[in-house]
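Notes follow once the structure below has been shown.
The chains carry the letters A, B and C, assigned in the order they are written, with residues numbered from 1 in each.
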Amino acid sequence: MSVTINLTLRVWRQKGAQVEGHFEDYKASAIDTDMSFLEMLDVVNEGLTKEGKDPIAFDHDCREGICGMCGAVVNGQAHGPQRGTTLCQLHMRNFKDGETLVIEPWRSAAFPVIKDLAVDRSSFDRIITSGGFISVRTGQAPDAHAIAVGKDKAELAMDAAQCIGCGACVAACPNGAAMLFVSAKVTHLNILPQGAVEGDIRVRHMVTQMDKEGFGNCSNEYECEAACPKSISVSNIARLNTYLRKAKV
Amino acid sequence: MCFPLTSISKKQIVAATGLMLIVFIIVHLIGNLLILGGADLFNNYAEFLDHMRPGTTIAELILAGIFLSHIFFTASLVRENIKARGGFKRYAVDKPVGDRSWATRLMPLSGAYVFFFLIWHIFDFMLAGDEGPRSFILGKSAGLYGVVINSFKDPLHSILYIIAVCFVGLHLAHGVESVVQTWGLDRSKFSRPLVLASRIFGFIIAFGFSSLPFYVMFILR
Amino acid sequence: MSLDSKIPAGALKDKWTNHKFNSKLVNPANKRKYKILVVGTGLAGASAAASLAEMGYQVSSFCFQDSPRRAHSIAAQGGINAAKNYPNDGDSVKRLFYDTIKGGDFRAREANVYRLAEVSNSIIDQCVAQGVPFAREYGGYLDNRSFGGAQVSRTFYARGQTGQQLLLGAYQALMKEVAKKTIQLHTRTEMLDLVVIDGVARGIIVRNLVTGKIESHFGDAVVLGTGGYGNVFYLSTNAKGSNVTATWRAHKKGAYFSNPCYTQIHPTCIPVHGDYQSKLTLMSESLRNDGRVWVPKTSGDKREPHDIPETERDYFLERKYPSFGNLVPRDIASRNAKEQCDAGKGVGSSGQAVYLDFADAIKRLGAGVIKERYSNLFDMYQKITDHNPYKTPMMIYPAVHYTMGGLWVDYNLMSNVPGLFVIGEANFSDHGANRLGASALMQGLADGYFILPYTIGDYLAKVKPSDKSVLAHAEFQKAENVAAAYIKKLLSIKGKRTVDDFHRQLGHLMWEKCGMARNDKGLREALKQIPQIREEFWNNVNVLGTNEEFNQAIERAGRVADFLEFGELLLTDALTREESCGGHFREEYQTPEGEALRRDDLFSYVSAWQFNGVGTAPTLHKEELTYEEVHLAQRSYK
């Protein structure tokens, strides 16, 4: 029952962070609609390699929508047109025969391009380093049942904790803001009794680091939520705003 | 709040000043609607405000402060945002996934237009001279009332005002709901009604203010 | 060299306590003088790095992804076991121990497994304290679910993303130490070689994947937590980058490789759908709690599933294993699915699938409950296959998932090369011939949080801390040169076939001849073919570009080159193990009912292979397994 389609890809090619990039067009022929987007890129890359041309660099690892390594902007949309889906889980049945797909990397000052579609997201790691953890040492923990956590709080924490750190929120935000990512982590930890203890310091440090990395400011555009493959809600951003407003110095 | 100000704190200043400006704009709208009640009513109101000096002056200074901080912080946020997204031009295809309204997208633009309008507006009405030639109706001064009426008799003048107040309405159609989010209230349960309320409010402001030029141009003549 | 597993004396339940007491300690003031290199940031590597840094050691941490948080542990869905007995259903350390030994088909070390069960409870405590949002009941206490191979509910879970949440916990613990500068983080960095000086592990050679720069790092101990080698089959549930490179190159430097033929095939994966397919996706085993596995009774029945009446369906697992039903261990569930497909009863366009049906569960519990339990899995299934599992039964087929084999380690998790420690999936230690669901996460974290931090101290207390000057040693220079020459060679071939092309060919061969069922003839054939593929690879592979750039083809080529060598060892191990046990099923050795037939008198040992050169037969060392506590029995889940 497999259906195949032909596509034109207009792909951003850039040798490195310091080099100017440009678009190049490639044909992707006889693409099975059961393929994932990355499998389609694999096929194109195999073809390029055989022609002796530099294959398109793109990040990926798990290919099941959980590691957060993949991602590109397809026709202006981070992770492509399907909501709640990473690029690796996006299947070609979402596209029509004869379509042209413009494929670009995440574009943001805080995510410099490494090559082609691969970008450097270490700024996210530095934000976590600034406070995205609970300071407990191995062995210090009391029995798991020492603290009961209400189901509603546990669920809200889990909703936020699902963030895969892919950076699509930044790519989609018209301001290149990392608010959804930061708010998801802060909410996950601050809402739980275990994490509330150092909640004030956490939120101040993480937001300060976020600013330092050169991410933009939120102006409540909600593009991030729409692009987020885990559909992280912007109510986390509201929560972050409250945590920060109330944080004692 | 902590210093140096974080991006979120700056945003919250914008939201707080925005909220104060909302209060002002409501008061200002009500005051202006007194024009519909005729020259005496409106001029009495203007004179009452004048009598309250130096109270009024202080209020005006505070208002100026609010405007200036609103503008100062938004300008700094917007500048940072342009830098953060890596320049004006970003993606080759502009097709956002979200259902972002035009009100949202045009915040900086509507704000900027209002800013230029305001400078003009202050010279236009506040510093016009209540007794000067612009206030003359049928050969004698009709006070501030006369200034406004005469101005709106000029269609070009009116149109510029109408555009301006439409932008104010647009600014607020996003602004009201935005304040709630920025301040950090949990809006998840009333998100839709809030968006609707914000838009209705924006419309009321735009409609309320533009009713005046329309009144002058089409009904008063 | 003889294998000394260093299992402490004494009663099973006292071994670990005594051992900890008898281990040497490093004086707190001296700890910061020791440097430990931890390769891998999965559950094992991240938890180890964080714990060691907290204790005061200097730690360097390495991973090939752009962030430690992306290690493949992130993909684990189902859950993590512990003997907490919160549901009050009769669980205990001893029962978890016994289930794990039995699940492993009596091919694991008793002492290790007992210790694993013993520390399992601390893991849950630790993770909760870190903020891992495990599922809770309305009272605010932790919820448990049941998993294959056990009759108690001992699995803790965080929706269908348990591995992700546990890894984020470990990653955050790691980053907290990065903030304190006790850990030096090296991301997008691949380990290419182990440096052994005078028989002791002293450092590693790595390549910076962005710049291509090849660098040396020295340490007083090297810890490998680099995951499993399932990608030798090309298609597996592993991440694209999962590799054998780190462990294989350590093996080439003298570390023994144990039980490589113990590979686990997971029964519930989305079936293969085309040649272009790049990986297989697991549907968590927890689905078998509510889903019923069936095929049509008559072979070649091509009707749509809902057109097949109840009486014409064969719920073969429930029929054959009434007491465990759909929850039999993975190896049994997988083999049975294959058996049905081989008999022509497979479903779907390829005939290589069986149904996993939720209709009854939806009827019993309502779609809402099923949605709450599995919505993310159902969504994922629908995205990939375009079928709605709420309406039509899922189609599943077994796929390579986990590798029980790995580098040989003693009770202290140290390999036969002093100073080289191996943790997590990369070692062979705790799962015998088959791993039970939800126990790999447990093992990774047990190793990293609670075992290695003690045992490594015992080793370090006996060696002098080294400093930068060892980098001047000729072995480092030599290893760097070898690594650089290797890449240069790959780039110089400029052949006609792509790296993936070779990988697919290797994977296909391994799956056909050494997959769910193996036999002497097939294994010998494969052993003949591998050297040929390898030979062609080194003459005809096409790797473009240069070393001094972000060149993903080089990464892949190096990994596939290692798989091409490693595959041969896997086949050799499978050939020499003339019995069936756990994930290793030799068709020649089965009971009349078709169950795996162990041969305890001959094969109750751990194989530990010594490297003798590429293409040269490796030497087999045996560690005999002795059982004091459990009685060896034919596994029965009937």
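Quick notes on this structure:
Convention: a contact is a pair of C-beta atoms (placed from the backbone, for glycine too) under 8 Å apart; a residue touches a chain by one contact, two chains touch by 3 or more.
Note that the structure is a prediction, hence the values are computed from the model and not measured.
If each chain is drawn as a node and touching chains are joined, the picture is a simple open line. Of all the chains shown, the one with its CA centroid nearest the global CA centroid is A. Compared with chain B, the chain whose C-alpha mean position is the greatest distance off is C. A separation of 27 Å divides the Cα centre of chain A from that of chain C. Centre-to-centre separation between chain B and chain C, using Cα means, comes to 63 Å. Centroid to centroid, with C-alpha atoms defining each point, chain A and chain B lie 37 Å apart.
On the side of chain A, the complex with chain B involves touching residues 10, 23, 73, 75-78, 81, 83, 102, 104, 107-110, 172-177, 204, 207-208, 210-211, 214-223, 225-227, 233-235, 237-245, 247, 249.
The touching residues of chain B, when paired with chain A in their complex, are 1-2, 6-12, 77, 80-81, 83-86, 90-100, 104-105, 107, 174, 177-178, 180-188. Against chain C, in their complex, chain A makes its touches with residues 1-2, 15-16, 32, 34-36, 38-39, 42-43, 46, 49-50, 52-55, 57, 59-69, 82, 84-85, 89-91, 93, 114-115, 118, 120-122, 124-125, 128-145, 147-151, 154, 157-158, 161-162, 164-165, 188-189, 192, 194-195. The residues of chain C lying in touch with chain A in their complex are 47, 50-51, 54, 65-70, 72, 74-75, 84, 86, 122, 124-131, 133-142, 158-159, 161, 164-165, 168, 171-173, 175-176, 178-179, 185, 187, 210, 237, 239-241, 273-274, 276-279, 281-282, 349, 379-380, 383-384, 386, 449-450, 453, 496, 498, 500-501, 542, 544-545, 549-550, 552-553.
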